[in-house]
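Just so it is clear, A, B, C and D label the chains in written order, and each chain counts residues from 1 on its own.
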Amino acid sequence: MVRAAADRPGLVGAVGDFLGRRGANITTLDQYSTAGEFGVFFQRTEFELPGLVDSIDELASDFEHEVAGPLDLTFRVVEAARRKRTAIMVSRYDHCLMDLLWRARRGELDIDVSMVISNHPDLEESVAQFGVPFEHIPVPRGGKAAAELSQLSLLAEKVDLVVLARYMQIISADFLEQLRCPVINIHHSFLPAFVGADPYRRAKERGVKLVGATAHYVTADLDEGPIIDQDVVRVSHRDDTTELARRGADVERLVLSRAVALHAADRVARLGNSTIVF
Amino acid sequence: MVRAAADRPGLVGAVGDFLGRRGANITTLDQYSTAGEFGVFFQRTEFELPGLVDSIDELASDFEHEVAGPLDLTFRVVEAARRKRTAIMVSRYDHCLMDLLWRARRGELDIDVSMVISNHPDLEESVAQFGVPFEHIPVPRGGKAAAELSQLSLLAEKVDLVVLARYMQIISADFLEQLRCPVINIHHSFLPAFVGADPYRRAKERGVKLVGATAHYVTADLDEGPIIDQDVVRVSHRDDTTELARRGADVERLVLSRAVALHAADRVARLGNSTIVF
Amino acid sequence: MVRAAADRPGLVGAVGDFLGRRGANITTLDQYSTAGEFGVFFQRTEFELPGLVDSIDELASDFEHEVAGPLDLTFRVVEAARRKRTAIMVSRYDHCLMDLLWRARRGELDIDVSMVISNHPDLEESVAQFGVPFEHIPVPRGGKAAAELSQLSLLAEKVDLVVLARYMQIISADFLEQLRCPVINIHHSFLPAFVGADPYRRAKERGVKLVGATAHYVTADLDEGPIIDQDVVRVSHRDDTTELARRGADVERLVLSRAVALHAADRVARLGNSTIVF
Amino acid sequence: MVRAAADRPGLVGAVGDFLGRRGANITTLDQYSTAGEFGVFFQRTEFELPGLVDSIDELASDFEHEVAGPLDLTFRVVEAARRKRTAIMVSRYDHCLMDLLWRARRGELDIDVSMVISNHPDLEESVAQFGVPFEHIPVPRGGKAAAELSQLSLLAEKVDLVVLARYMQIISADFLEQLRCPVINIHHSFLPAFVGADPYRRAKERGVKLVGATAHYVTADLDEGPIIDQDVVRVSHRDDTTELARRGADVERLVLSRAVALHAADRVARLGNSTIVF
């Protein structure tokens, strides 16, 4: 993934040329520039290069000197075969968790699930069936800081991604800062509609005809982070709040799994508070 | 359409029995009760009864005495073949207007379009092609009260329905009160997301992955009336605000046309700030 | 569920009146008549009646004498609280099976899963985790008749419903006849497109832009039974056959679960080779 | 648009380098390779180059010598600002025609509608309102060859694209060959379901729960050409054949307009009997 502060002639050619000279075969290339003279330029390139595993640091260093430095680009090179070490945090609802574990086992997601952390013990057995460690870290009233410390001791520098699969606790800005890896959350509404608690009850009260779900990166501003994916499902006056939540659950698990798949395949770039999804 | 303040045994049977004794053939029956002991009961019955056109007042009166009065129901009997006299109000965007006029001509909507009222002259020719009168009533700064009086002189007691097809003026509570017929509006967002002005620009800023439209009855509270229908369409980072508006326009015209079709077929009942759509 | 060979005035009233006299409270009523003079009439009525569990046979007998007999109706009374005893048959793909087991555990489906029958041993452990018996009945070449006998000895008169959750064997007409309960199948295409084997490969070859799934009742004619539900998902030229199958799997499990939920709630009536879904 | 018979290292770089040396700014680049050693490579590049209008032939010639020839590519350079001259052929249904004319007027499609040709006179007035010439060429029994000659005299070398917007006549292979420009058709079913005549009636008979539409390039094999876009809409047992056709019409006009937009923006490449849609 390459990003330039300013779009300008020659960027695509420069990258293609650099890779071509090393014998890499570009198999997929996506590119996007925001409009205007001071547009930002994004490029995602998949390529095959025999022996890359051993020379990836050298390649990155060469790219920095020959291309990125002179052209003022920022970039990241990752080995596609290396799966992201992932922790899932969850409370009591199991639908998003089960879907992620099942898809990971099936090979649909480029992740290794390192552990599941929950503030409740309820889902231990369900997780055990997938051979994944389950860590129960209660969050008693007044004990959030201590709980976050325990969580961080399990997570920091040990995982590449944290997924909040209906984890019903607010994450502190401190935790995020010390974690130093991306966190993806599923919010059970079509954001920005029904920001905050109890969205299905409020959707019922407002009489909406669709309910939805939103997967987004977690930032210090609750429910305000960059959106990765969203979807909705049709409902009617016959559906009470419980039924809205049930129909919504199907959308939540689908949207969260799609967002994790996109992130794990390095298809998502952030631009301010929005995302570029290649 | 029948509505009872409280659900209770025997309501469906009482209506069916009343119609059966008169030789009516019930062709469609929909029924819905809100939950709980003090639930509200709704029933919509379509029936065929030879000679009804001449005896509809008598039928209503008999129903009042024999069924509605004793059981404390409110009800409405309408002749399905009688099309609703409809005025469309519009500003400059033509997509919703064109779709309504085209569907009305095609016979898809149980409405007769009596007139189009606009605060701009731009769409006169487009409307003329459908043989519908076009009334240009400008709304200059400070002239809204006078404009509403002119509108009311054309509308009050002359139409059964007013449709705001991207009419970019706020309707006063006074106007609504004097109009005394339902008003349907199309809002260019998935309410309650992006209530108010400029929803596509704000959707772009928030980085949403779907944009939508909402058709609702107009009440004194702007953008807060009972929702009739909603839908969404997928967008991506590649779509700028103009493209969001363009894609949104397709959803707007579809949602508004569906809402008008449902209302014109007497399929929508209001319950507080939400709707029952049979 | 009531069905009349010919629609005629008074049917809805007669049913409502019968139930009203017994003090039943009709909570949901759906009704549908096919067009024309010799139309067929369907009605589904949900009602609450204290003590019904003990008097359901008597109620049915009374209804037969007082209403169904005189009016020439066929009907069925079922106790909504009684869950359908269900067997799931599966081969090696686990996605539909897992989704059904998970939803049944969650209480989303009005079924009790009595057993899972498979012609392969692969999914035994996955099933065990839900506490459901797993029966491995191999179907070797030339051994289908014997295998079907073994299956029938487990199923006949012991279950109310059989679900083929990607069971990759053709069911014989004989088996169906002796089973004497409904069988629901999921076909991995949008029928009637790609009837038969290998639909995703053929979808890829035809270059379609959507792939789908169809849940239907099994009849003696393969892939020709009455359709209960269908859905599709968008695909593109980038998706190879494997990816089509993967995306299709999400639709398959959703469509099959919806069809089982509808059937289990007695919401599906058959009319010739199609279905009425209330 | 560039196409290589075989994918191989360096293609993206070679194109990017060629354009970079001329000072072109690549604004969009899409690339796709079919799998395998003998994969086919497609690349679509949008670029800005001041003065291109006058030097486009020279650029193409240079590209042929420097890149395409040596690397064995085929390619096409088109000026994005040049709109495709388009003829629409139609019979009696107006929904697809109206949608195309309305979108073209609105500036949503990169086409100029040169004329509308119909075998019926019915839609003349509707077309006149858009200021587009209407050519009535009847196709009496036994008169198809003569009619096609008349059509060809209007079309050949005068238009870049022909759109069949519910034109209910079969086009001969001869006509296609002499026309020498792409022809896009809308078929009123989700192909390959219900190939041939009367798809909505057959969909009703089969009891499907979705109906759809397919836009495809016309080839000598009826209904078998490369699919550009497809979509579906949900229907139920309550919808008779007329209602299926009505709901289908909304999908037809949407799918055809999308397909024309994609083609007009040079976003569609053909690969055998399927399409690459960038």
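The rule we apply is simple: contacts are C-beta pairs under 8 Å (C-beta built on N, C-alpha and C of every residue); 3 or more make two chains touch, one makes a residue touch a chain.
Computed from a prediction, not measured in an experiment: that's the story for all the values here.
A.B. asks: If each step moves to a chain the current one touches, what is the fewest number of steps from subunit B to subunit D?
C.D. replies: The least step count works out to 1.
A.B. asks: Determine, using the mean of C-alpha atoms as each chain's centre, which chain is farthest from subunit D.
C.D. replies: Measuring from the centre of subunit D, the most distant chain centre belongs to C.
A.B. asks: Whole-Å distance, subunit A centre to subunit B centre, using C-alpha means?
C.D. replies: 41
A.B. asks: CA centre of subunit A versus CA centre of subunit D: separation in Å?
C.D. replies: The mean C-alpha positions of subunit A and subunit D differ by 37 Å.
A.B. asks: Multi-chain contacts in subunit D: which residues touch at least two other chains?
C.D. replies: Residue numbers touching two or more other chains: 32.
A.B. asks: Sort out for me which residues of subunit D touch subunit A in the complex.
C.D. replies: Checking each residue of subunit D against subunit A gives 7-21, 23-33.
A.B. asks: Could you please specify the touching residues of subunit B with respect to subunit D in the complex?
C.D. replies: Residue list for subunit B touching subunit D: 95, 98, 102, 106, 108, 129, 246, 250, 254.
A.B. asks: Going by the contact rule at the top, pick out the subunit D residues touching subunit C in the complex.
C.D. replies: Of all residues in subunit D, those touching subunit C are 32, 35, 190-194, 205-210, 212, 226-232, 236-238, 240, 271, 273-277.
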